[in-house]
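Some structures are shown below for you to check.
Look at the two complexes coming up: chain A is in both, with chain B in one and chain C in the other.
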Partner chain A sequence: MSSIDFLQQHHADVVISQHVEFDRNIVQIDRTRMLPVMKALQAERRFNLLIDLTCVDYLGQQKPRFTLIYELYSLPTKERLRIHLKTDDDVEIDTVSGIWRNANWLERELFDMFGIRFRNHPDLRRILCHHEFKGHALRKDYPVDKGQWCSDLEELTFTS
Partner chain B sequence: MVATMTNRSSDDRRVPHQHDDTGRPLATRELLINIGPHHPAMHGTLRWFMKLDGETIVEGIPEIGFLHRAFEKESEGCKYNQVIVYTDRLNYLSAMCNNVGYCKTIEKLMGLTITPRCTLIRVLLCELSRIIEHLVTIGTNVLDLGGMTNFWWTYNLREEVYKIFEKLSGARLTYAYTRIGGLAYDLYDGFEGEVKAVLRRVYEELKDVKGLIGKNRIFLERTQGVTPISAEDALSYGFTGPCLRASGVDHDLRKAAPYYGYDEFDFDIPVGEVGDTYDRIMIRFEEIDQSMRIVHQALLKLKQLGPGPVNVDDRGVTLPKKNQVYGSIEGLMNHFMLIINDMKPPAGEIYDATESPNGELGFFIVSDGGISPYRVRCRAPCFHIYSAAPQMVRGAMLADVVATIGSLNVIAGELDR
Partner chain C sequence: MGIEALLPQGFATTLLDRLVNWGRKNSLWPLPFPTACCGIEFMSTVSSHFDLSRFGAEVLRFSPRQSDLLLVMGTISYKMAPVLRRVYEQMPEPKWVIAMGVCASSGGFYRNYATVQGIDQIVPVDVYVPGCPPRPETLMQGLMMLQRKIDGESIHDKRERDVEKMKEGSRRLRIV
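Moving on to the complex of A and B:
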């Protein structure tokens, strides 16, 4: 049984659409009920590697404007799967950092570059841009030549 | 060497945990210490802020982004071929692999099949890059542990490969040697002999390098059992490449999803057992050996294949030859149109990955059918690997951080993009 069939059988109400592009199965799921699906994919379908988590800003082309892209890989079955999630400026997405731990930094990068907020994220702050930076650099409405003067060293705080 | 930060609130963190001669507890306190970003052991641009109890790390927080050059944002304003130059600056130890990884993705997006000769040359250059990247990793890692000689020896070997790359592409570090659909130039005369001579030197001199550290007690004690990571944790953090294989997971894209005819080459995937710093260094020695095997086979295959085109025969992709540009109006127009209008891959999104020396190097490209990519995303292997570092160094000694960062091969250019 492929992962597509698995999702259609067990999580049919969450799957919005599904298509194949360049040999890759792409499934769009409902953002409000994504967490159980991700957990099931990791536990039951053995997608043990979160290869990448990224975002595309379709400003003025699609509504909602952002598409989150989860690129999953299963080492035992060598299967790859891409999950799409539509989201917008003012909504929070559940963090998957409890399922794949590298999501911690990947989600911080998305927060930094696109301003996407993640619910229950342990440490949601900027990662590549300076902490004084205003705006989100990879959004389509951020001009590529707009520079900002940031100078203060970041105060890092320990959790323990 | 190490700069201490202003101790903001350490006075109220007095923790008695040691005793003096009479058995009374010594009042000690946790020390907050800042290393980097301009510390020699921090490989350029990494910063750590650490809380120490004696020499033991209670907690360490890395800060990254000091080398962020907005690769992804800048690429959105470039034409497809212009991005190749930026990819050189990602992992600058093996720029060839980045060139190849990016071009392979765009070629897949456009449905291009590159020529057999180009495929073999790309494999050959990628494996040479893997050799020099591992040489640098080993050299700098051992240098961080105090072994200077190894550094000179491995850098000397790298220099020999650099000479070949310089002859080939005109640059020592940032080659921009591939083009979408092929290569900038074919190999030069005498390439095979020079590569073979270099491989012979690598083979001989690596024995010396191994001889210096193989039974060196300082080296062994500084690396064995230091900051191990289990296979399960490594996978959870998205490890790929030598660091994952050091933890005992047999995963290599060249075997798991063979591209460029890697399944026709005879080579093995070395796997570690413990996943400590020692394994991560030693696995790189093994991978150099395997890469040398592949290079020898590729040279042989190239010889059997004979001369041929290195660029696809597609006027919408490959620039015409210079004599056609200067000698015919069709060639001139072709050149002009390709430079001004550039190629336009079909709209769509694609993720494609290659096994770079550091792990899975992936490019995620969204095309809207125009001359510039709508979105370029680079999946940098060491971004994922470095995110595990805070967990790995907890409970280790301060000096172990230096050994660990070196063995994880954190390349700031790729980490910060």
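Moving on to the complex of A and C:
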């Protein structure tokens, strides 16, 4: 049984659409009920790697404007799966940092670059830009060459 | 001829500026600030194949307090800008700056939210070395240009010119 069949059988109400692109299974799911699905994929389908978590800003083309992309991989079954979530400016997404630990930093990057907020995230602050930076640099309405002068020296100690 | 004819053997007269500059230009102590691939070219420049010591600039210091030439080699992000500025301020006078490569000189092709569009917005630059990255020969030519520049300076005027440029940088970084 493929993971697509698994989702259709056990979580059909959460799956919004499903298609194949460049031999890659892509499933769009409902953002409000995504957490149990992610947990099930990790526990039952053995997707033990979150390869990447990224975002696309479709400002002016789609509503809601953001698409979150979860790239999953299973080392035991060698299966790949891509999960899409539609989200917007004013909504929070459940964190998956409790399922895949590396999601902690990936979600911080999305918060930094796109301003997406994650519910129950343990440490949601900027990871790449300076802490004095205003706005979110990879949003389509951020001016592409707008720099921001920062005067503070960043703290170089790391806390886990 | 001149006063030297009246002095005993072993004396020579010169201008103080010429003597001091002769010493300064032939014993530059660079502080490398390599943030990108230009740093790799610099390693080659100081190594035996190209041998920067032929120009008296081979003693690298990794403390700004012991150096007089700041070699900025690579992309400087806005996050790094206050660090670079502090390193420059920690260097004792007299001091010179070489911006190596297009990123340090103008931001290069990184025209985005993260990259300073030329380090001359935060520190006064004496010589810009073009290239992406520049060949070691290009950096050497830049160093020789700096030596010629030092030779033409007076020990009095350097500081005043720098102060004007520093005020501009301070305004941007909101440092009083």
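Throughout what follows, the second predicted complex is superposed on the first by the 153 of 160 C-alpha atoms of A that agree within 3 Å, B and C clash if a C-alpha of one lies under 4 Å from a C-alpha of the other, contacts with A are read in each partner's own complex, and residues count from 1 in each chain.
Following the convention adopted for this analysis, a residue touches a chain if its C-beta (ideal position, glycine included) is under 8 Å from a C-beta of that chain, and two chains touch if they have at least 3 such contacts.
Just so it is clear, the structure is predicted and the values come from calculations on it, not from any experiment.
In the superposition on chain A, contact of A:Cys129 is made with both chain B and chain C. Contact with chain C, but none with chain B, is seen for A:Gly147 once the two complexes are overlaid on the shared chain. Legend: residue contacts after superposition of the two complexes on their common chain; A:Ala137 is shown touching both chain B and chain C. Once the two complexes are laid over each other on the shared chain, residue contacts for A:Leu49 go to chain B alone; chain C is not touched.
By the touch criterion defined above, A:Ile69 lies against chain B but remains apart from chain C after alignment on the C-alpha atoms of chain A.
In the three-chain superposition model, chain A touches both chain B and chain C at residues 128-130, 137, 142, 144, 154. Interface residues of chain A, counted against chain B in their complex, comprise 21-22, 24, 48-52, 54, 56-57, 69, 71, 75, 78, 82, 100-102, 104-106, 113, 126-130, 137-138, 142, 144, 154, 156, 158-160. If you check the complex, the residues on chain C that touch chain A are 78-79, 81-83, 86, 111-117, 172-175.
Those residues of chain B that touch chain A in the complex are listed here as 49, 51, 58-59, 61, 63-65, 68, 70, 72-74, 76-77, 108-109, 233, 235-238, 240, 249, 251, 256-257, 348-353, 360, 362, 364, 366, 374-375, 377, 379, 383-384, 387-388, 416-417. Put simply, chain A touches chain C in their complex at residues 128-130, 133, 137, 142, 144-154.
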